[in-house]
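You will see subunit A twice below: alongside subunit B first, and alongside subunit C after that.
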Partner chain A sequence: MNKPFRYKVNIFLFLLPALLLFVGVLIAPIIMSTVYSFTEWNGFTTPEFIGFKNYVELFTSRSINIQRALKNAFLLAILSCCIQLPFALWLALRLSRPIKGKTAFLSIFFLPVLISTVVIGQLWLKIYNPDYGVLNVFLRSIGLDNLTRIWLGDKKTALGAAFVPILWQYVGYHMLLMYAGIKGVPVELTEAAMLDGCTQAQVSRYIIIPYIRPILRVSVIFAITGSLKSFDLIYVLTNGGPNHATEVPSTLMISMLFLRNRYGMGSTIAVMLIILCFAFALLINMLFKEEK
Partner chain B sequence: MKKRLALLMALVMMFSLCCFSAPAAFADDEVTLTLWSIATESDSSHQAFVDGIAAFEAEHPGVKIEHVTTENEAYKTKIKAAMSSGEGLPDIFFTWGMGFLGEFVNAGRVYCVDDDYANYADELPEAMTVNVRYDGKMYGVPYTMSLVTLYANMDLLAQVGYDDIPATYEDMIDCCEALKAAGIIPFGVSGKELWCLSEYVEPLVIKSVGGQALRDMYNGEASWNNEGVVKAIEAFEGMVENEYFDPSAAALGNDEVKNNFIAGKYAFYQNGSWNNKDIGEQAQFNVKAGTFPVLDDSIPLYSMIGGPNNTLAVTESSQNKELAVEAAFFLAKFMSDADYKSGANLPCWAADPDAEVNDLIQAAADMASKAEDMVLFGDNFLSADAANTYLDYIGLAYAGDVTPTEYVEGLDADLG
Partner chain C sequence: MNNSLSGTRNWRKIVVYVILILWALISLFPVYWMLTFSLKTNSEIFGENVVGLPREWVWENYKRALHTGNMPRYFLNSLIVAITTIVITLAASVMATYAMTRLHWKGRKRMNSFFMLGLTIPIHASIVPLYTTLAKLKLLDTLWALIIPYSAFSLAMGILVCTGFMGDIPYDLDEAAFLDGCGVWGTFFRVIAPLMTPAVATVGIYTFLQCWNELMFANVFVNSDKWRTLPVGVQSLSGQYTTDWGPIGAALSIATIPTLIVYIFLSKKIQDSFIAGAVKG
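The block that comes next holds the complex of A and B.
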């Protein structure tokens, strides 16, 4: 056997376990979901091929109302990009400067990422409780009784109330990513700028932020795809209610799969989510490339 | 030396193999049946299951029942997933009748116990098996029945001059107004769990249109666009608008609401009779169980929502079907008796007439005996998809997002 060929066989053999894992865990389920999305299947009987009927029903059915779920997910994505990421960047910039107790601050801001989402959900359920929740108790104590609400039970406030813990939980995650990026900025660059008379804000604006653009791109991709896939906290806090006001595509998918036994429709929502996440990841990459 | 060492190692290995295989040889004589249920340790039926299993094992030496419990909502997901794949199914499983069990029966996963029923027909009346029959064949063994029950805090009612549960709808409205004026919340309900809202809507509907009409609507044999249903939804939306329900209801789960009632926060709490034990044992006030008044005087007062629904069924894949069926009937009979005596729920099997039971279960038993018609809970009656659409509409009515006319038209359009 000639050497280059043996080399390729070795490479293939070493890559094979990872390839099998990748295909088994990621590609095969996507293919299976795509196949099921073209069927009417209640999970028990034989799936019946129905073509694109599930896709048509998904976007036309009033009772499924995927438009509302998508609108909520996009709103969360916008809030993540406009509030969560700028706040995380601000924290990362502040903490990258020499300040007292930096490690403690980093740990505190990162702590919510480490705590189980169910625990966070329970914590915020208590905060929002209309009777004894900290929020309403505080409002009453300062005489703002008229501002007290049934935060998670009122259609007008439930969505916002459910989004706050989601945004809060992942600020630390993005902050740490950006902090690591900022620490990679060569000190000579920032020092030279300071010597030339730049303010701290100018250094951040013209040197640090452009330098960590690849990190920012990753953060934006994570924030947007994470918003589209958001599930756990919504499930714990409202389970999509009241009256589907906080429904997101993932909660709708779970409802179709496990409450309504509509495995075909649940798979259709899963496929739609996969396509959306890929599309947004590509779009964000393109946008960042253009700017470059 | 090496040979001796190798021989020693081989002997050690042989010995360990013998050690591990010996119990397996003994285990061949023992049969283990697996039972899945929702009777977790906090469930009021948990002890009855434990005692029933112990009694069956004592009567059948060499048979062991492994009882695996899962919380209610998680259980639904678990059993559906197992039924879907057909893998790892237990021998016996807890289920609800009609739509829930029906999907498993249609998939051929449930063993038909029709032939075995003949041995127990004297003790388990046929009327109690209606919700587990599909094409006339029996696929499960019911053990308890539940009724929607109106629990009343008589101490709070006394404060506004009532010494009994209002008997007419007009009286009930007057009572609610009096309670409100006294700063007492009339009704406790969870707006977060839609099935709890259905415990208010369904009695209103049945007491407005009658049992047969409601059954026909569930079966798709009659239109929801019925004057009586519109009237019932108007009454329900009126109760919401007039703030007869806890204003925090939308954010509360059923357990919180039940605890609030037990703590004396509401005058009434309408839910299944499975709450008899908790309320009877924990409430520190004079509590009474009754039924909501009728909306239409031509409908009998005891037109009830509920029926036999807690059931044990045997899987088609069980390796010990005969034994599993025997265990299912034994446990169902035991549970029926134990749950009745402990006050947890009403029996499906012939009950001991001399049994001493608490006042609430006695009241529920009286209502069941007076019942002129009984229709199962809508979310049990309908298939999973239809049940969730139906509950969605109830949620919309609670939120005031649909008018009563839109409600009936929507159900007609979406349920067919």
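The block that comes next holds the complex of A and C.
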């Protein structure tokens, strides 16, 4: 009876299911993806090692045009940081003050986050429908016929039209995080400031916002990495079209993999995305630390 | 002076309320519209009554949504995937958390940070290797092709939440159980696991929503119609019946109503589970 040994075996047994899942599905595949990204492989034959060729092709090929996909993703990230997050912060600040119907507002604003992106995408497809969609019907009914568009089918409007539901859906998510953060601000702090004659706006600006920096940091990270990874709504709404105008890295990756059977190149895009996400998370962490 | 000040204040308050109510309407509109047009005829949807309540409640749409395509099947698949994933995630994360918080060994903190990496790893990272591995294991195009990845990706969140809850359980209980002759397994099953019910709810809800709505894996790892989950099934149905909005609205509603019901009864709990995942991530 070697007790310490049995103890160790038990620890291992308790960890085993989690470790198997975690290493098998998350850690090993990252390594495998990285290896695949250096190969030319169609999924059937044996992969052929080609060094950095995929990476060179990815950034130089006109037909893949990763630049456009990245530009779209970054545009979404910028819009998210400049419109979605400030609006979410405003909502959170408002709702954390005494106000009638607070819980109802919170619950309603958060609702879109919970609904399947396929359902949301299908609904917005119908909202944008050129003939019967609510948007064009509304524009016609107030006499603005000349503003009606084939929103998702026109190269000029498709990207904007696809971004609106993405930004709309997650306002409530960021609001909820920020609201939770604001609830954590000690009441003494805000009350003391109010007694000193600060206005609500000053309290928000000088006490609440600095206090919830850690949450704001999380929100910014989610907004940016989420934009880089965005897939679901674009896939449902436009699938990268019309004529690739709304392509993002994820849609490129999927079409590389499952339309063109280029597993090596698909992995290259995946690896690039992972690196970008981690790099931005680190960068944002550094920025938020430095400003302190 | 005083009067004009309170005047501007009132005026401001009204503006705030107008914005809040407007945003509430914008947030609710797609769901409201879906539920109403799921009960309308095409002629109402396409012109006579675009945004109003249905004049004539066409329950027929729901019947057709259930009979065309495989809606009941998709629903059942989604349910099986969600429930199995919740069970696996919970079992694995409660066990791992127990080992990392109640048992003493070197490196348990580091192991915890290792699992927390899972909060930031995007699912893109594993799509190709999972696809080829699942194909080799002959699991592609089965529900396991979804259950296993979903469980793995929910794990970090599960461990995070369980660590919080398990930390609140007094350590005296372990000692008492040990003195009563319980080993680690006895303590785990008789003392700790039964006290984890609040974590079960939080993790369960979060995992349910993730599985119920996931699209990318569901789209790639399952091909045959009979194993499709709701997101992919609804997506393909909508592609087939582009001109029949009523039944599609009904199909979309069928996919959404379970979420709505859960949300109505557990809104606070759901919101808390989303906050828990972010605060540390």
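Structure notes:
One rule holds for everything that comes next: the second predicted complex is superposed on the first by the 270 of 292 C-alpha atoms of A that agree within 3 Å, B and C clash if a C-alpha of one lies under 4 Å from a C-alpha of the other, contacts with A are read in each partner's own complex, and residues count from 1 in each chain.
We take it that a contact is a pair of C-beta atoms (placed from the backbone, for glycine too) under 8 Å apart; a residue touches a chain by one contact, two chains touch by 3 or more.
Computed from a predicted structure; not experimentally measured.
When the two complexes are overlaid on their common chain A, residue A:270 makes contact with subunit C while staying clear of subunit B. Using the contact criterion defined above for the overlaid structures, shared-chain residue A:258 touches subunit B and also reaches subunit C. When the two complexes are overlaid on their common chain A, residue A:242 makes contact with subunit B while staying clear of subunit C. Set against each other, subunit B and subunit C differ in how many residues of subunit A they touch, and the higher count belongs to C.
When the two structures are aligned on the shared chain, A:153 is found in touch with subunit B, with no touch to subunit C.
Of the two partner chains placed around the shared chain by superposition, neither subunit B nor subunit C is touched by A:72.
Once the two complexes are laid over each other on the shared chain, residue contacts for A:44 go to subunit B alone; subunit C is not touched. Using the contact criterion defined above for the overlaid structures, shared-chain residue A:106 touches subunit C, although it does not reach subunit B. Overlap of the subunit B and subunit C interfaces on subunit A: residues 43, 131, 258, 263. For subunit C in complex with subunit A, the residues that touch the partner chain are 16, 20, 23-24, 26-28, 30-31, 33-34, 37, 45-47, 50-51, 88, 91-93, 95-96, 98-100, 103, 105, 111, 114-115, 117-118, 120-122, 124-133, 148-149, 151-153, 155-156, 159, 183-185, 188, 209, 212-213, 215-216, 219-220, 230-232, 234-235, 238, 245, 248, 252, 255-256, 259, 263, 267, 270-271, 274-275, 278-279, 281.
Interface residues of subunit A facing subunit C in the complex, by the touch rule stated above, are 7-8, 10-11, 14-15, 17-19, 21-22, 24-26, 28-30, 32-33, 36, 43, 91, 94, 99, 104-120, 122-127, 131-132, 134, 137, 168, 171-173, 176-177, 180, 215, 218, 222, 225, 229, 231-232, 235-236, 250, 253-254, 257-258, 263, 266-267, 270-271, 273-274, 277-278, 281.
Interface residues of subunit A facing subunit B in the complex, by the touch rule stated above, are 42-45, 63, 128-131, 150-155, 239, 241-244, 255, 258-263.
Residues of subunit B that touch subunit A in their complex: 76-77, 80-81, 83-84, 103-104, 106-107, 109, 191-192, 247-252, 383-385, 388-389, 392, 395-396, 398-399, 401, 414.
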